[in-house]
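Quick notes on the structure that follows.
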Amino acid sequence: MAGNSFGKLFKLTTFGESHGPAIGGIIEGCPAGLEIDLNAIQSELNRRKPGQSEIVTQRKEPDVVNFLSGLFEGRSTGTPIGFTIENANQKSKDYSHIKDVFRPSHADFTYEKKYGTRDYRGGGRSSARETACRVVAGALAKQLINSITIQAYTSSVGALELKKTYQELDLSEVEDNAVRCPDKDMAEAMISKIKAVRKEGDTIGGTVSCVIKNVPVGLGEPVFDKLHADLAKAMLSINAVKGFEYGSGFEGTKMKGSAHNDIFNSDGTTRSNNSGGIQGGISNGMDIYFKVAFKPVATIMQKQNTIDKDGDQVEMQGKGRHDPCVVPRAVPIVEAMAALVIADHLLLQKISKL
Amino acid sequence: MAGNSFGKLFKLTTFGESHGPAIGGIIEGCPAGLEIDLNAIQSELNRRKPGQSEIVTQRKEPDVVNFLSGLFEGRSTGTPIGFTIENANQKSKDYSHIKDVFRPSHADFTYEKKYGTRDYRGGGRSSARETACRVVAGALAKQLINSITIQAYTSSVGALELKKTYQELDLSEVEDNAVRCPDKDMAEAMISKIKAVRKEGDTIGGTVSCVIKNVPVGLGEPVFDKLHADLAKAMLSINAVKGFEYGSGFEGTKMKGSAHNDIFNSDGTTRSNNSGGIQGGISNGMDIYFKVAFKPVATIMQKQNTIDKDGDQVEMQGKGRHDPCVVPRAVPIVEAMAALVIADHLLLQKISKL
Amino acid sequence: MAGNSFGKLFKLTTFGESHGPAIGGIIEGCPAGLEIDLNAIQSELNRRKPGQSEIVTQRKEPDVVNFLSGLFEGRSTGTPIGFTIENANQKSKDYSHIKDVFRPSHADFTYEKKYGTRDYRGGGRSSARETACRVVAGALAKQLINSITIQAYTSSVGALELKKTYQELDLSEVEDNAVRCPDKDMAEAMISKIKAVRKEGDTIGGTVSCVIKNVPVGLGEPVFDKLHADLAKAMLSINAVKGFEYGSGFEGTKMKGSAHNDIFNSDGTTRSNNSGGIQGGISNGMDIYFKVAFKPVATIMQKQNTIDKDGDQVEMQGKGRHDPCVVPRAVPIVEAMAALVIADHLLLQKISKL
Amino acid sequence: MAGNSFGKLFKLTTFGESHGPAIGGIIEGCPAGLEIDLNAIQSELNRRKPGQSEIVTQRKEPDVVNFLSGLFEGRSTGTPIGFTIENANQKSKDYSHIKDVFRPSHADFTYEKKYGTRDYRGGGRSSARETACRVVAGALAKQLINSITIQAYTSSVGALELKKTYQELDLSEVEDNAVRCPDKDMAEAMISKIKAVRKEGDTIGGTVSCVIKNVPVGLGEPVFDKLHADLAKAMLSINAVKGFEYGSGFEGTKMKGSAHNDIFNSDGTTRSNNSGGIQGGISNGMDIYFKVAFKPVATIMQKQNTIDKDGDQVEMQGKGRHDPCVVPRAVPIVEAMAALVIADHLLLQKISKL
């Protein structure tokens, strides 16, 4: 109930703070008999890992997933899949400077007020470290949904915005550069921008776009659990996300119905796809595409004024190794959450008609 | 499970097609002892009602809510509150022209494929008529959350966009005009625009902004049921919605952390509010504000090519009385869904600490 | 959340007090395309109806179910099925004598303390009248589960206990007498007993047995949602139920493993069936059978001492028309709840393996 | 969804097979700020541990619980509490004899048919080993519910049945003997019985009774989540349980209403307690008491005929170290499940009225 589960039939429940012994989770509802590629799961986790390139945090976190149950002789057994990821970084010595201080635009203040207490070391439960568990479950979901492909990419860093549509890009190039932008020139500009921002001790926001292909017609459970409503919740549940739009999105609000409507071809496909692959909350077989907004990381390497627990003004400065821009590492997280939504709705769809 | 419930503790489950005998719902989890103002609930329903002004659909739907249980001697009893709203408009004669036709950018095609059948009269379950039930429950939720106020307003119609922030507007003027825009000049321009679009037999999109004030610190259940994640899902579950952003939103992605961070005052309030009243998924006591994108209504009074069930190309034209722009009537729906989220999280918060 | 829903995928949510305008419910998760026999549903409701024989309450309640949604052209559409049953008996004049009094072994005291208020007329929400909604949903579930048959019968009234096993009885004779006992001699004795008890102004308890045949292997979701665990909860949720046992039940605790174990035949059936058709929480294809204990009705036509809201001792006597023994009318309710459990688990089972 | 969670607000989700690396779980919904006594949790686990006396299985399983999250500086933080218990016994060598064989009255056959596969080593997920996780969560729940005490005890072994009511016993003596029966003479007889049965290579069933004291008035969520309905489900979800009764139970069905009704004292307590502390599904402040039936353990040390996967008849004999009677070790499990129910309903009750 308390907000640590995602999904109804294909369901992930997670636990763990950044500086406890381990984080982990339980994946329920994976049908029995699925052949599981453990290396593919670890590979996804590596896409999210700190230290993978020079534009992300240089923290050392090996992030190896250990499966504890639910798999036997290479296949899912239908029983819950428990897993843990040990926290390598759990020494507490570096956190005395934030023990009694509320960092601006972090969750320190709100956790303290909500729970009356908090594990202040490295953000505790509010640390983005918990998203590693999402990536594990999402990687498994990707194996379940099989021929449905999910590909996210960096579509903007600060004001540097990729104007090309996803159809104009070669999405197989996403992993070719550190910023995960499938446009070589733009990628270079983005990387330079992130380096410049880091040099200032500052951070910058950005957006991630995502495309889901080969979705069967029929996924989505109106009226509240529309497919895009669940995608929106999935994305907004990721740390630092401030917005979501799918299909024609905010720009579509400026259009007239006569231009916005997607006219059918005889086979049920549509000529345009302003609907973003979803009509009435249910997938229509066209590509699903959406965009997610990430704010700039709150931890900066500059002096800031803030308050402590007593309300006294104090000066603080970020320590440690943080991401100057969260977007490159967010790409696999966006994919993972999308995969969880699609897997869940694939199962839900199995019981919608006789 | 099948997508007709919203909320965990304060929970609405709805039923009903546009052309069956009635729509309705069950509200669970309203604590016992709440004094209920039935007139206030009907008033909210009237804000959503067709025919209320010259820029909305002229259909005649009285939309009177009947409460069947859960209330006794003017107060909630803690038992489920059942209600119905009769469908005045349930004669089927007008719908033969769409019986075998899939209207572009409607849910006809997807419902047919998902369920293998559908009530084709007036959209059936996919009709926005079901949102009337949301308004009933939301109006009751508003009475529960009491001093927390929720005010939505039209912030754009097509390209006509209100540039003022909500702080620069007098939100008490929202109901002063038919388009529900609290800026008189802009409201007039919007109304003219909607009339012009209607004259063309066309429709237009727009955005609704919403402000929630007096929210206590501590609402939101990380890591998946963050307050803004539930707001996003609530909004995306409304018919025709294509996007959601809160706080600094998509614009905030262009900012640097040093500019985006909200610096604390000594009392725990913040100087700026790019966070939109939520940090780490938990309300921080500042105003919550967000914006919702609505696409143009798909039913237009122009000829369009489309297909029938056999995949044959046919020509069709909208009949009946439809909204040229959904935004004015969406304002109370946005408020209702926001109220459901806040009420649910208020109850959830009661058990977060000893 | 607040306890008014039953089931996960095939789900019933109910509302209604005995003396409000109506009771009703929403059935979610019925797959689209099911041909619905409305008469069969009303027939089940008639089996539960007051006034059907001389040994049950003589209250007049027509109990006609009205379906409001989810059905179209004789079939389920996959959307929620809303229904109401009007309360004919809703005049409040007869209830002043219990307004401020807590009847012994009723829910008056506990509702008052839990909610701080209650609809005292006829028991309000605690009235067994709500079980009518269960019978409606159960009757629909019976149509979904199709070839699986569920037959309950009265197996004891007071100390009059049917010693024959269900295999020794002809269950097609259950409806042949007013007490619903498929043994003619025992039925007559039970009827005489109930009449005698009523004459004393007293009431008597009894048990209902139930047999489910043709269950496919594989229903049940360990480790918590074992099939028999859900059956137990279903039964204990019925008013006046005090106990549940399945298979060898309490008597089986006296046996040794060597005698209790069910030895397999080559086809996977078992020679004995002490397991009651369920092993490890999952149906094994053998008959499921269980027994449910009902306490004597608390409303008696004799003077009793009790207390009022102020804790003062008062004398009271039951008024109105009540059942001297709840068991005959409980038979269709037991079947209905069993049908809900089986329908739900049939759907759950569809996603247990690839 | 798939049956691995118990509870709504105070919620346990478990994972793990008997012969994987570890079993474990996640406890959600424990309010922040609860002081946690880790030793008390381990002590409860020790009460369930194999090898603790000469009448239980002599397997060596240290069963040490490791907490991974949700606790900080001795208190709950409001975040999910993850834990694992390593499987010491995970070598697979002993299980070749059951790999392709379906043991009588075990879950081998049903798991194989349901999931199409199974981890055959030691019962896999169907092993009672998973109840260790329940004991961990229940021990934590006991600390939350604080002054409410839960005490279970062995009330019968085979035909040896304790006739005294719980009021006639000194429940502080439960732990004084290996069989956990608070009557010295009966305990000795039971122990002798179990030893004799074991000598035969056989097993025997029994019952566990449980008493919950100091329960506040108001726990329970009608109409489906009645307090006793949730207790029934909790108990029936434990391995080997075949029946549940509370208050007057099955015997109460033989009584007349005039004798069964519990007459109020002026303070709201009742003279008798046939209601078993629950009226209308809601606790009334009197002691809650119930009884649980356990079948004889299916694994016996005698030759039995059974079938293999191909349906061929084979002869088999239990190996390894198994319990001749499950009841003594079931006592802490019954308490744990009762504690989970009470903790959950305590939290649910906090939001039932303003």
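For reference, chains read A, B, C and D in written order, and residue numbers begin at 1 within each chain.
Basically, a residue touches a chain if its C-beta (ideal position, glycine included) is under 8 Å from a C-beta of that chain, and two chains touch if they have at least 3 such contacts.
Just so you know, these numbers come straight off a predicted model, no measurement behind them.
When each chain is reduced to the average of its Cα atoms, D sits farthest from chain B.
Chain centres here are Cα averages; for chain B and chain D they lie 46 Å apart. Taking each chain's centre as the mean of its C-alpha atoms, chain A lies 26 Å from chain B. Taking each chain's centre as the mean of its C-alpha atoms, chain A lies 39 Å from chain D.
Listed for chain B are residues 1-2, 4-5, 8-9, 14, 29, 32-33, 78-79, 114-117, 125, 222, 352-354, each touching two or more other chains.
If touching chains are joined by edges, the resulting network of the protein chains shown connects every chain directly with every other.
In the complex of the two chains, the chain D residues touching chain C come out as 1-6, 8, 14, 102, 104-107, 109-111, 113-117, 125-126, 130, 156, 158-159, 197, 200, 202-207, 217-218, 220-226, 228-233, 235-237, 242-250, 252-258, 260-268, 270, 274-276, 278-284, 293-300, 302, 304-307, 311-313, 348-349, 352-354. Those residues of chain A that touch chain C in the shared complex are 1, 9, 29, 31-34, 78, 222, 347, 350-354.
By the touch criterion stated above, chain D contacts chain A in their complex at residues 1-2, 4-5, 8-9, 11, 13-17, 20-26, 28-29, 32-33, 66, 68-70, 72-73, 75, 77-82, 84, 114-119, 124-125.
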